[in-house]
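For clarity, chains are labelled A, B, C and D in written order, and residue numbers in each chain start from 1.
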Amino acid sequence: MLVFAQFGAGRIGAIHAANLAASGTARLAHVVDVNAAAATALAGRHGARVSDTAAALADPAVGAVIIASSTDTHADLIIAAARAGKAIFCEKPIDLSLARVDQALDAVRAAGVPMLVGFNRRFDPNFAELHRRIGAGAIGVVEQVVITSRDPGPPPLDYIKVSGGMFRDMTIHDFDMARWMLGEEPIEVFATGAALVDPAIAAAGDIDSAMVLLRCASGRMAHINNSRRAAYGYDQRVEVHGSLGRLIAGNRVATTVEQADATTVGTDKPMPFFLERYADAYRIELAAFIDAVANRTPMPVGARDGRQALVLAEAALRSLHENRPVRIA
Amino acid sequence: MLVFAQFGAGRIGAIHAANLAASGTARLAHVVDVNAAAATALAGRHGARVSDTAAALADPAVGAVIIASSTDTHADLIIAAARAGKAIFCEKPIDLSLARVDQALDAVRAAGVPMLVGFNRRFDPNFAELHRRIGAGAIGVVEQVVITSRDPGPPPLDYIKVSGGMFRDMTIHDFDMARWMLGEEPIEVFATGAALVDPAIAAAGDIDSAMVLLRCASGRMAHINNSRRAAYGYDQRVEVHGSLGRLIAGNRVATTVEQADATTVGTDKPMPFFLERYADAYRIELAAFIDAVANRTPMPVGARDGRQALVLAEAALRSLHENRPVRIA
Amino acid sequence: MLVFAQFGAGRIGAIHAANLAASGTARLAHVVDVNAAAATALAGRHGARVSDTAAALADPAVGAVIIASSTDTHADLIIAAARAGKAIFCEKPIDLSLARVDQALDAVRAAGVPMLVGFNRRFDPNFAELHRRIGAGAIGVVEQVVITSRDPGPPPLDYIKVSGGMFRDMTIHDFDMARWMLGEEPIEVFATGAALVDPAIAAAGDIDSAMVLLRCASGRMAHINNSRRAAYGYDQRVEVHGSLGRLIAGNRVATTVEQADATTVGTDKPMPFFLERYADAYRIELAAFIDAVANRTPMPVGARDGRQALVLAEAALRSLHENRPVRIA
Amino acid sequence: MLVFAQFGAGRIGAIHAANLAASGTARLAHVVDVNAAAATALAGRHGARVSDTAAALADPAVGAVIIASSTDTHADLIIAAARAGKAIFCEKPIDLSLARVDQALDAVRAAGVPMLVGFNRRFDPNFAELHRRIGAGAIGVVEQVVITSRDPGPPPLDYIKVSGGMFRDMTIHDFDMARWMLGEEPIEVFATGAALVDPAIAAAGDIDSAMVLLRCASGRMAHINNSRRAAYGYDQRVEVHGSLGRLIAGNRVATTVEQADATTVGTDKPMPFFLERYADAYRIELAAFIDAVANRTPMPVGARDGRQALVLAEAALRSLHENRPVRIA
């Protein structure tokens, strides 16, 4: 039974802690959060104790950490956890600065600890099955990938201001998905974007609507379309075209009820947001981490995946600002 | 925190025990099963102890029982649990004999204990939402109900021989669903059936394929079609027609992946069987029971519902044998 | 180029005349209708002349007739056309009386002329493809058939009064479809019905809502559900279950547009009524008739099919009145 | 009744001639084609006579021309027809050279004749309904457009060599669709492409796979993905996102048959190619042309639309070659 210390007792931290408690293969021992009330509540719910970082990492019983605190704390916590020899589950992004990411990854490499970066969508049963079929040859050689990723509504402006911008905050998931589905590293990014949803987002120096093209050396290509607003819910779809056919993974719905009346034939809207849509993914993701630690097998999403998605996000940001395709180093 | 004794440590018992453990609002104290190994394993998994019926029911801490043992034990356990003043969650059917059902229900009534009969499909989010919309007036006045209920494959012949026949064993769920969706008691049943899947089922005196019509006093009507075999999975659909439109609740699938290739555009088959399709339903059902006990509110599926479904099953059986519509007393 | 005389210049007559004109393989020479204005208009539109029955049938150039006049004229026209040696395309039903049907069929048999009965749904590309796949073994041995057939709204009461009742007028199409899909003659019918849509229909001695069960000697069975009202359009679906799987042919829609908004994810309603839904079927049906006449091949829907559907309709009516299953002679 | 001369008796010419014959509002008088056999066959089928260009245009009875000959003849024929005062229906593209297009359009403008450019997809009932709903405000303000346009297989290499390249030959339809759906002129194009389907296409200097981004002054944006190969049929979809929701127009299928078996739940593949998918569109397009000529109303797709799509295609080609976004003059 793997013993965890968890950093961060907010919304996403609560999900991981609950999945950990239900896993049957792990136990939460320490909760660390600058918000003492949140830490106490979460620790109490799962029979853990409130600690500070040093105490949590000094506990020799602790084999692994979950880093679900604010992004600006991730790199330091990774470095400290790596030095303490703990296995690391870190929410995305590792950091908003590539230099800091590399410092963190150096520490992980030096310590030889396993690390998983929380690209939860890889564990969504729909996307995972789509990817499995690509590997099984169902559509032959991959040629084009189209990713639709649209939030139901924009986050608070205060969040946007510290988010690192749409590409680092939101599209980063899609960059990871594109890399995974393409099966080949993009070598060039072109991005366009605008604030079509809310002018306050433009005033904050960010965009809320974007379209991106990625190109690989072999000629494979991917498209991402993003919006911070979708009136009908959280729109998360992946479409992959290959030499032998097409695979699409669509949205999930709460129920299969179809209503036909004088107006329309209507079905459920997509699930409202990530907590609902990716509930299974979060559970499967943590189980995969625990399993990989226990069996000393490779992490399904490694540190390098976290870094490369950020590289693409930074290139997209430069492309947007300079209005030109940007080469990936 | 409601304390439970559970009778039956088989497949369905394991589901209820796991849901109970994960509920956060209840605790399993006793497991009773003639199969000592099964009882020990299940009790061990959830921190309960292995008991016999008398000890379990004598425990004053126990507030509720789950009866998930073989059908022929249900009535006696209901009577004993009722006399011990325990709230009762009983798997369907209450008994294969209406006389025995009435004895059990008399005991429940006399003791004044709450009882839920395990018609799990009422808690399926799809059927529940369909039913909610009927109540909300989405399709006006209900006129016709069509229920499709087809198992992936027949159970072992040994099970069929003691099952009470297809109508009491399998269609009983559909009779309950029909009553629920019609919103009115059927007054007449006509049934036809045959053994089209396996002649051994005919040799055992049972059928494996059936079509049923139900008629209400108002003229509302319902159709049920059943088969013990569906090559594509577990087919569970409900369609309700009303004066203002139509509601359909279809099958659930494991993933939304759609594959288009030179052959077809294919999607997932329906989930394989009840464990997968009704996993949510079982969880919600138990939570509803715990909630109704805790808040002393009426049970969402009561003892009378269990009885009436059996009344319809018996009438269908008589209709099949006598080839005539049978009036419900 | 086959030369036609057409009896009936009403709504359905206009469809056949237009399809005939567009066929490129036939020509309309005579139009006969008690309504002189309608006859003149239709004849004018297609370069035909207005005739009376005797003149039309006496024309040696005429090789075939289309009988699309009112039902009570069908039998006499069939007999006259048969005696004149013309190939016969007759709208359903042949007649409301089985005795009259048999007289007409005797005349057809005696004359040795080919005859097609207008069960247009057999030529619907969706149902035809479903049927083709049954024949190709796609779902193994047929076991159960479920037919949904619901009109958008009831016809005028005056029509209902002379229609022969819902089973002879509307369900007759579904009886034909059931026979075709079952691939075996039903030996027994059980029917239930009510006037749920409009009490005036009950006052006129008819029903507007029905459910029917059909049983074959092999144990195969079929269900039909009917309503004279569907708020969402014309609902025409067929579902066939076999030992290896299931085939469904659903409704057609005008466009594939899907609209997702804050309310729902909505698609087009089914096409409004038979003129739209079966436009292709009418065209293909006439072409099949012309082709069978030209090539002296068997008619795809013969005189006996017209008779047997009426036999089932009469049995259903007796079943409804006597509330018992009725054996097919 | 509008009298036509038609230039071109090939595959697309045959479609227009047949639609013209069936329209009931127009008549084909002259067929002109360098292939005398094709001209004779088509003229014979529709009661027209074989002519040369001069004779056809000199006929004062002729009110309109259909130009469906090879692309390199379009501009000259437009100029000649305009000078002869005929209404012009011209297949896309007007010409592969923008200079030639402008010469042709100058002639049209000088003559004051009406001209429709054959962007058939605007008349597809699915795309037309989607566009109508945008106009009706169903999804609020348009923000993003995603166009999927994939051919079942590449054309012969000889055709590719004279086609002007994929952007001018195939994507030109999508550029028109993007302009139409955006409701605003794109000001910048970025395109990427590769020959992933067949290296011989690369050897011929062309691509067979492409992704394009279009940007408008308001910030609205569009994406197009193309391939010369789709194993599952002709893939033609449009998706438009607005402030209030999303509209999708999907592929059409030949039948609604769904087959569920041990392998999958499969539906029809998209219709095979443009002849099937756009059969309705071609018919409606010609009727719209005839109607606009007869009523002297504006053409639904005008000469400028033909020009602007080519402008976007040329910009895309430059973008591909220079690997940079290209501004629209």
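Convention: a residue touches a chain if its C-beta (ideal position, glycine included) is under 8 Å from a C-beta of that chain, and two chains touch if they have at least 3 such contacts.
Computed from a predicted model, the values in this text were never measured in an experiment.
Novice: Looking at A-B and B-D, which one has the bigger number of contacting C-beta pairs?
Specialist: Counting C-beta pairs in contact for A-B and B-D gives the edge to A-B.
Novice: Based on mean C-alpha positions, I'd like to know which chain lies farthest from chain A.
Specialist: C
Novice: Using mean CA coordinates as chain centres, what's the chain B-chain D distance in Å?
Specialist: It comes to 58 Å between the two C-alpha centres.
Novice: In whole angstrom, what separates the CA-based centres of chain A and chain B?
Specialist: Centre-to-centre distance between chain A and chain B: 40 Å.
Novice: Please output the residue numbers of chain C that touch at least 2 other chains, ranges allowed.
Specialist: Residues 139, 231-232, 244-246, 259-262 of chain C touch two or more partner chains.
Novice: So in the complex, the part of chain B that touches chain A is made up of which residues?
Specialist: Of all residues in chain B, those touching chain A are 22, 125-126, 129-130, 133, 138-139, 244-252, 254-262.
Novice: Tell me, which parts of chain A touch chain D in their complex?
Specialist: 139-141, 143-144, 146, 148, 150, 190, 192, 194-197, 209, 211, 213, 215, 218-223, 225, 227, 229-232, 235, 241, 243-246, 323-325
Novice: Where on chain B is chain D touching in the complex?
Specialist: 231-233, 259-270
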